[in-house]
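A short worksheet on the structure shown next.
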Amino acid sequence: MSNSRVAIDAVGVAERAKRFQTRSIKKASKLGAMELALSMVDLTTLEGADTPGKVRQLCRKGLNPDPSDPSLPHVAAICVYPSMIPAAHEVLAGTGVELASVATAFPSGQSPLNIRLDEVVACVEAGATEIDMVINRGAYLSGRFSEVAEEITAFKKACGPAHLKVILETGELGTLDRIRHASDLAMEAGADFIKTSTGKVPKAANMEVTLVMLEAIRDYYWRTGEKIGMKPAGGIRTAKQAFHYLVMVRETLGPDWLTPKLFRFGASSLANDILMQIRKIKQGVYSNPEDVTKD
Amino acid sequence: MSENPFINEPYAPAPESTKVAIKDVYGLFIENDFVPAEDGSTRETFNPANGKLISRVAEAGEADVDKAVQVARKAYDKTWSRMAPAERGKYLYRLARLIQERSRELAVLESMDGGKPIRESRDVDIPLVAAHFFYYAGWADKLDYAFPNRTWRPHGVAGQIIPWNFPLLMAAWKLAPALACGNTVVLKPAEFTPLTALYLAELVQEAEFPPGVINILTGGSTAGRAIVGHDAVNKIAFTGSTEVGKLIQRSLAGTGKPYTLELGGKAAHIIFEDAAIDQAVEGIVNGIFFNQGHVCCAGSRLLVQEGIADELMRKLEYRIQTLIVGDPLDKNTDIGAINNQPQCEKIQEFLKEAKEEGLELVDGGQDLPEQGFWCRPTIVKNAPQSSRIVREEVFGPVLAVQTFRNPDEAIEKANNTRYGLSGGVWTDKGSKIFKVTNAVQAGVLWANTFNKFDPTAPFGGYKESGMGREGGLHGLVPYVRLGD
Amino acid sequence: MADRILVKKTYKLYVGGKFPRSESGQTLTFTDKKGKLVAAYCKSSRKDFRDAVLAASAGLKAWKAATPYLRGQILYRAAEMLEGRSAQFVEELQLQGMGKSAARKDVQQSIDRMVYYAGWTDKVGQLFSAVNPVASSHFCFTVPEPTGVVAALVGDAVGLSGAVEAACRLLAGGNAVILCGCAACPLSASSLGEVWHTSDLPGGALNILTGIPADLAETAGSHRAIDGVLGIGLDPAVEKSLQEAAADSLKRLSFVAEAPKSGSPYAIADFLEMKTTWHPVGV
């Protein structure tokens, strides 16, 4: 577990993050970026009102984002609550689209450890190929870092073959120094991905937070040779935003990370905006929002 | 996915589309008119990114300087000094607004004539130009509050000479406080970069300034010498090399003429082992590669604490590969063209010498365009204190790197120079920041940041980096004569 | 009983907190109006000046490091010392040809000027500093710092209070001073060293070289370890040659034609450097 603290200057991070947004790309490159972004989407529904019907529809959407354009890639994963795994599994099994489930008493993480561990095991047994866990912020914020790390390691073990994404809930950690520290801690404890947010607190992903986490991933890679993935989640709604993130990934970690294996967007409405942008590029006219399917 | 063009080659050319109307020939701007030089001389101005001719501008000689100074004196006596200060301020506000309206054209022109990336001219230079006029416009009718218990009056005619690295920004730094304090002005832009100052002259016409208040004479050292030596010029403001600054100070001996000099620098950029390293890397990049390193306050000497030297250098070397060198008008360009041929040769000379000294050079590996003047972002590793690249101002995208073991050594090395314009310090520890920024003898210290500018923030040098301050309240002082 | 033999004072230089003679061994003589020898005093040489520069560089470190409050205490202490010795100084000025009331006035003005500048040491920082309201997430402030080692050349017609003014305005800002000249009252200038020496002023912060300012002007102008030159009542030709020499290392220069009637913080500001510091504001 990590006791070393990396200092972060928030203003410097904001300036750097802004720089990525001044990058401009054209035509083929833009289309490439949009298709790449689409392939990185973890299409997500995490509502109390989720039903098997709704989830099945979303899975279909993920498999075939634009029925009129079969050349487009499918999304990376469908992300659901544990009780919706069976419905998603029906549609996704064998398609190449991953089935991600949130777990560990998402979004608060405030349940006894054995219950959270059991939840992870149950999700994997039900067919989840990826687990999006939340860290124990109660423990983190009261300084019990080793407890946080040990839990992550335990969840990783419980995952078996499934990939583990560790949600830091950056909006609750308060400062970029802590986000960096929690990132280091999560990677050392066994995370396959580190993820910003649950989408359930007001402050979700932004460029600054993601940059700090990407830099943590880069340093970890340089230190260990191990490539950890990154998933910003919540708040990324437009194709333009997604493009800025991709520029940031490219300039911070290099082209190796430009793959759904190592970068994801946790989002619900992003996919449709990307689809509209792709249509615009291919057809030369701006789409009507009704042209894309609302699932 | 490897066929995805975004992954392979993300940034296709993205040229700025704004067009600027550029005349074939520009005259000298005297008494709100563009007039040819008395002897008819002109000088060509080129785009350093492709070597192409952009325009021709009149070349001022002694007679032209004399004419402009007389006109400026007349305008001072007849209109500008008699005008209500609030009205003077309104002219400056008007000019600031016009600059904001034409900011994109000005940015494009600045990048064409000087080679700086459009991202910088658009996002840094031109916004600061407008802000500078705005700031000093407000001072025009409030000067009694600037000098408590003192009477003040303008000098009269201010002669101002500016360099080619920030052509319009330096014009703004000179003009705005001079005019706000009630002086009239004869300004000489640098010979390599006259165009934005001439565009500004058109805005001066448009703002309907009283004729003769602002006169802009394009030309070279002859005109510069004539301005400095003219008896009816009452104040000299110069930004440029330390070498020329010394000549000016010497030539003004015995004249009683006040002067401000903003000269060269060789700033130490100190990175302590407890610094926010990733942000420090950005600070270093911004410190030395901003404006191709053509910055008097550039952080050109990197001092890294030994414990983090390897990690920092790895990050820095990685980072400079992501910098995009090329067409200044491309929106993605990070490093544009070297401003002019002599400067490009000078930089190459420094690099050649460093290689001959056996120093290790690392650059970003970028492909350079065939036409024009270019230099890759370059790091000279383990440069000894005795090396010329450590002691002299390169004025290019070249960073000399040294290590240190403890704060005292860093401070000693930082101050081991005749220059004293700026410095940088990176540490997460507040008390160390104050200790080190106090100890470094320089006029501007950036802690956990670098190359920040603002019209409200005084800027200027210690030691051989010059004297007097520009910007802020302190920037008014050089433009008034204080009485009891 | 024979009259007691008077113990006459040898007027020496004040350099680095010590009272050396000129290394040249040369002296000048001060004679009264009738041509009668009053006393001899040291004629400082270029070498003395160079020694003083070394002393001042060392003195600068200590003087700069002193808190503004302590600098004020020391300047005030100097005023106390001068007040206590005012009779001696009045007498000395009379010896040098001044009328009694003029001499008394000159000494009083000197004391008062010391007190005046003692009060400024911890106020100029506030008067000339600024917090700059920059348009970005940074805290930006500007504070004055001393220029460094400054040579103060005092012309032949400037009295004691003029010399005190020169020393005090420079010391008040935290500069180290090499006071040169004072041909109108060289004996008093020399004695002034004793006043400062008993005021806890760090050695080298103030150095006093009696002699002919024009002799030292060239060295003062050209010596690269001198950061500034203040001239009071100098011959314009001397000023000009000083300026020309000073351009070699871009010294700060300030010249006034005669000793000012009153002190001023703006006079201190002539030898202050403004330092602007930026820091981000964020968590």
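Letters A, B and C mark the chains as written, and numbering starts fresh at 1 in each.
The working rule: a contact is a pair of C-beta atoms (placed from the backbone, for glycine too) under 8 Å apart; a residue touches a chain by one contact, two chains touch by 3 or more.
Being a predicted model, the structure only gives us computed values, none of them experimental.
Taking the mean of each chain's C-alpha atoms, the chain whose centre lies closest to the overall C-alpha mean is B. Set against the C-alpha centre of chain B, every other chain centre is closer than that of A. The centroid of the Cα atoms in chain A and the matching centroid in chain C are 70 Å apart. Each chain gets a centre from the mean of its Cα atoms; for chain A and chain B, those two points are 44 Å apart. The centroid of the Cα atoms in chain B and the matching centroid in chain C are 37 Å apart. Multi-chain contact residues of chain A (touching two or more other chains): 9, 11-12. Of all residues in chain B, those that touch two or more other chains are 448-449. Across the assembly, chain C contributes residues 138, 280 that each touch 2 or more other chains.
For chain A in complex with chain B, the residues that touch the partner chain are 6-9, 11-13, 15-16, 22-33, 35-36, 39, 215, 222, 246-247, 250-251, 255, 258-259.
Listing the residues of chain A that touch chain C in their complex gives 9-12, 14, 174-176. Partner chain A is touched in their complex by these residues of chain B: 1, 4-14, 119, 123, 274-280, 282-283, 314, 322, 331-332, 428, 448-449. Across the interface of their complex, chain C is touched by residues 131, 150, 242, 245-247, 249-250, 252-254, 261, 263, 418, 433, 437-438, 442-449, 452, 454, 456-460, 462-464, 466-467, 469, 472-474, 482 of chain B. Listing the residues of chain C that touch chain A in their complex gives 137-138, 280-283.
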